[in-house]
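Everything below concerns the one structure shown next.
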Amino acid sequence: MKLRSVSAAAAAAVVLALTATACGGGSDSGSNGDKINIGIKFDQPGLGLKTPDGTYAGFDVDVAKYVAKELGYSEDKINWKQAPSAERENLIKNGDVKFVVASYSINDKRKKEVDFAGPYFLTHQDLLVRADDNTITKVEDLNSKKLCSVTGSTSAQNVKEKLAPKANLQQLGGYSECLTGLENKAVDALTTDASILAGYAAQKENQGKFKLVGLKMSDENYGIGLKKGDDELRGKINKALEKMVSDGTWEKLVKEHFGPSGYKYEPAPKVQN
Amino acid sequence: MSSVLYDTPGPRAKRRNVVYTIAFVAVLALVAWWVLAALNDKHQLDADKWSPFVTDSEVWTTYLLPGLTETLKAAALAIVIALPLGAALGIGRLSDHRWVRVPVGVLVEFFRAIPVLLLMMFASALYREFTTVSSDFRPMYSVVTGLVLYNASVIAEVVRAGVLSLPRGQGDAAVALGMRKGQTMLYVLLPQAVTVMLPALVSQLVVIVKDTALGGALLGFEDLLSQNRQITANYGSNTIATLTVIALIYIALNFLLTTFASRLEQRLRRGRKSPSATLPAQAGAPEAKPEAVSGA
Amino acid sequence: MFDFLDSGQYDLLGAFWVTAQLALYSAIGSLVWGTALVAMRVSPVPLMRGFATAYVNVVRNTPLTVVLVACLLGLNQTLGVSLGADRFEDIGFRLAVLGLVAYTGTFVCEALRSGINTVPPGQAEAARALGLSFTQVLRLVVLPQAFRAAVTPLANVLIALTKNTTVAAAIGAAEASLLMKTMMENETDALFTVFAVFAFGFIVLTLPTGLILGWAAKRLAVKR
């Protein structure tokens, strides 16, 4: 009757496993108890990056910390959640996070599903090239070049549909994969928002290797995404963002995170109430 | 077996073998040299790209080990759920009732014919649209769902083949003793079939571990493979070093499982010799692992 | 319900054509590579035996996803290997074939080795008694019988390979599963239809393979 005990053990294991994983799905309001859940990127240096010591660093992270503090949550009350580009609307709609600060451009399609506070940063689609490469100076040059971007990103679609339909475009899973190719000359340029590119160029391992071309191929206004119709929260966040600009924190953070790359950032955009 | 294919080498054959060995070494060395030179040329062999894995324990505690934990969790959940489900399906397919046998058969054949990646993607879309599973767990749920559907149907076939490989007399004897059908299956057939099946089941675990990597590459599952992106974002594009370390972890893990499987098989084969009436040697063995090849 | 099929927005047949091509090229490549591996594995040269055994054990225990990602990030992005292709769509396809061959070759090798094991020792002994060399024994006597005995395991490998072509989505080859992913993101109100269409496509690709080769296995089986 060994089999009976084996199957009993297996059944017990199933039940255990199911309850163990189900426990995590509990929180529904984006803040459990006195904690607050905030969605950020985990893999974008300069904006939102999970660093080796398990903490998070970047401009978006610091903005989120500032806003959370204004909302009454100190740093140790923040639960960071990963918000990959394709998941941001879902995270907000399901209430998994209170708000998302993750290089989140405000556009009409997204506005149908979520509300935005801000904008808190204005950037443009740009190109990152090797530091010694001067062959790309205007958008048309791309038609004869090898270009890399992330699968399904707006930057990739922008290139394919408008900017340079003839460019040889490679779409990979993440920007750091593109960077490997760029460094080793498998591709000639990496395209996405200048702020993201600047984050990579400013990393200490990459300093002096890459440069931004400085083309303004689109306008991207970064906003803080939150649940549709939550005007109270939106008002509070907007007030926090305005304060952040007026007390000089914004300037300080931008310098700290984008300064080393030589990225010429735009002045703080006006918050739209 | 291989020794039957050629004579014990005499002096001339020995010399020829030496020539072949040297030529083969030359080819291997040439390939290795080309790869290493190219890597070195691209600065991929620089010490600072590899040293984090030795000197910086944080690369392990922050990225690799949590990733490995997720991989193991998904694999364990998948096998634990798929085993009883697969056993039930396998027994269902052996049922005397047509209305059980046929639908179960269709189900098993269907899920065996569909790539596991498609099942994962479908599960992911379903969870996204119809449930409120938090995005932290959705990738894991999708991966496990896909793996369970596929592997339960594979295990169903293993169970069926295992039971069918038993001598008819076993079932007949149970009936003669007055056992009911359920009792026959539970007390007579399954316990014997399990010993035939075990090695195939353990090697199926290797397939499951390998398939979890699909979720990491395509569904945003935070598994071992997906750590590649975060590590290279933090340690200056050390892609080659990171991929090598990740691949070595997978290989070591699966090698352990494979070794365990073959040990088990040897042990069972030895154990089988004494009560030789139970199983004719290797009766269902090739049948018992129909899908050992599959998986990504 | 099926209106997305003829809207012209998605190239379903094109995607499945890529899948079929991936499977075909990889199958041919794997057969060649697997045969070479098994020849090395039973050869009289110890080093070749060691190499083939090590290769099979290492690659079989590596996830195919890792093999393909290594082809893209290692071979292409780092070493600049593009296999003669210029556009990234072609590079992805060719790298996928390379990765699939490297991976599937090990399973072909194992299938053939089990086939060789079914050939009675007397066959090889008789061939050696006639004075045939190792390559002659293998080529003229053992492998022809091994192939015929290995049709069923080889068919399983081929079916698994056809399903494994979906993994090429991980390196951006424009095959069926990548299209399904896109469609599932866009056509959220027709998830079941989309899945049914793709599932049907793969059943169409794999079912005949199983049936035909099952029939062939019976016809070709060596009567003993």
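Lettered A, B and C in written order, each chain numbered from 1.
Throughout what follows, contacts are C-beta pairs under 8 Å (C-beta built on N, C-alpha and C of every residue); 3 or more make two chains touch, one makes a residue touch a chain.
Quick caveat, the model's predicted, so the values are computed rather than measured.
Visitor: From chain B, which chain is the farthest off, judged by mean CA positions?
Guide: If we average the C-alpha coordinates per chain, A ends up farthest from chain B.
Visitor: Taking each chain's centre as the average of its Cα atoms, which chain lies closest to the overall Cα centroid?
Guide: The most central chain, going by mean C-alpha position, is B.
Visitor: Between chain A and chain B, what is the separation of their C-alpha centroids in Å?
Guide: Result: the chain centres lie 35 Å from each other.
Visitor: Approximately how many whole Å separate the CA-defined centres of chain B and chain C?
Guide: Each chain reduced to its C-alpha mean, chain B and chain C end up 17 Å apart.
Visitor: How many angstrom lie between the centres of chain A and chain C, each centre taken as the mean Cα position?
Guide: Result: the chain centres lie 38 Å from each other.
Visitor: Please output the residue numbers of chain C that touch at least 2 other chains, ranges allowed.
Guide: Each of 73, 77-80, 170, 185 in chain C touches at least two other chains.
Visitor: What are the residues of chain A that contact at least two other chains?
Guide: 86, 173, 177, 180, 184 - these are the residues of chain A that touch more than one other chain.
Visitor: Could you list the positions in chain B whose residues touch two or more of the other chains?
Guide: 42, 217, 239
Visitor: Taking the touch rule as given, give the residues of chain B at its contact with chain A in the complex, in rising order.
Guide: Of all residues in chain B, those touching chain A are 42, 48, 56, 58-59, 61-63, 76-77, 80-81, 83-84, 128, 132-137, 140-141, 186-187, 190-191, 194, 217, 220, 222, 229-230, 232-237, 239.
Visitor: Report the residues of chain C in contact with chain A in the complex, numbered from low to high.
Guide: So the residues of chain C in touch with chain A come to 72-73, 76-80, 82, 86-88, 91, 170, 172, 182, 185.
Visitor: How about chain C: which of its residues touch chain B in the complex?
Guide: Contacts found on chain C: 41-42, 44-49, 51, 57-58, 60-66, 69-70, 73-74, 77-80, 107, 110-111, 114, 116-117, 121, 124-125, 128, 134, 137-138, 142, 153, 156-157, 159-160, 163-167, 169-170, 177, 180-181, 184-185, 188, 191, 195, 198-199, 202-203, 206-207.
Visitor: Give every residue of chain B touching chain C within the complex, in rising order.
Guide: On the chain B side, the touching residues are 1-2, 4-7, 9, 13, 17, 20-21, 24-25, 28, 35, 38-39, 42, 44, 110, 113-118, 121-122, 124-126, 129, 206, 209-214, 216-218, 225, 228, 239-240, 243, 246-247, 250-251, 254-255, 258, 286, 290-291, 293-296.
Visitor: Sort out for me which residues of chain A touch chain C in the complex.
Guide: 86, 146, 151-152, 168-173, 177, 180-181, 184-187
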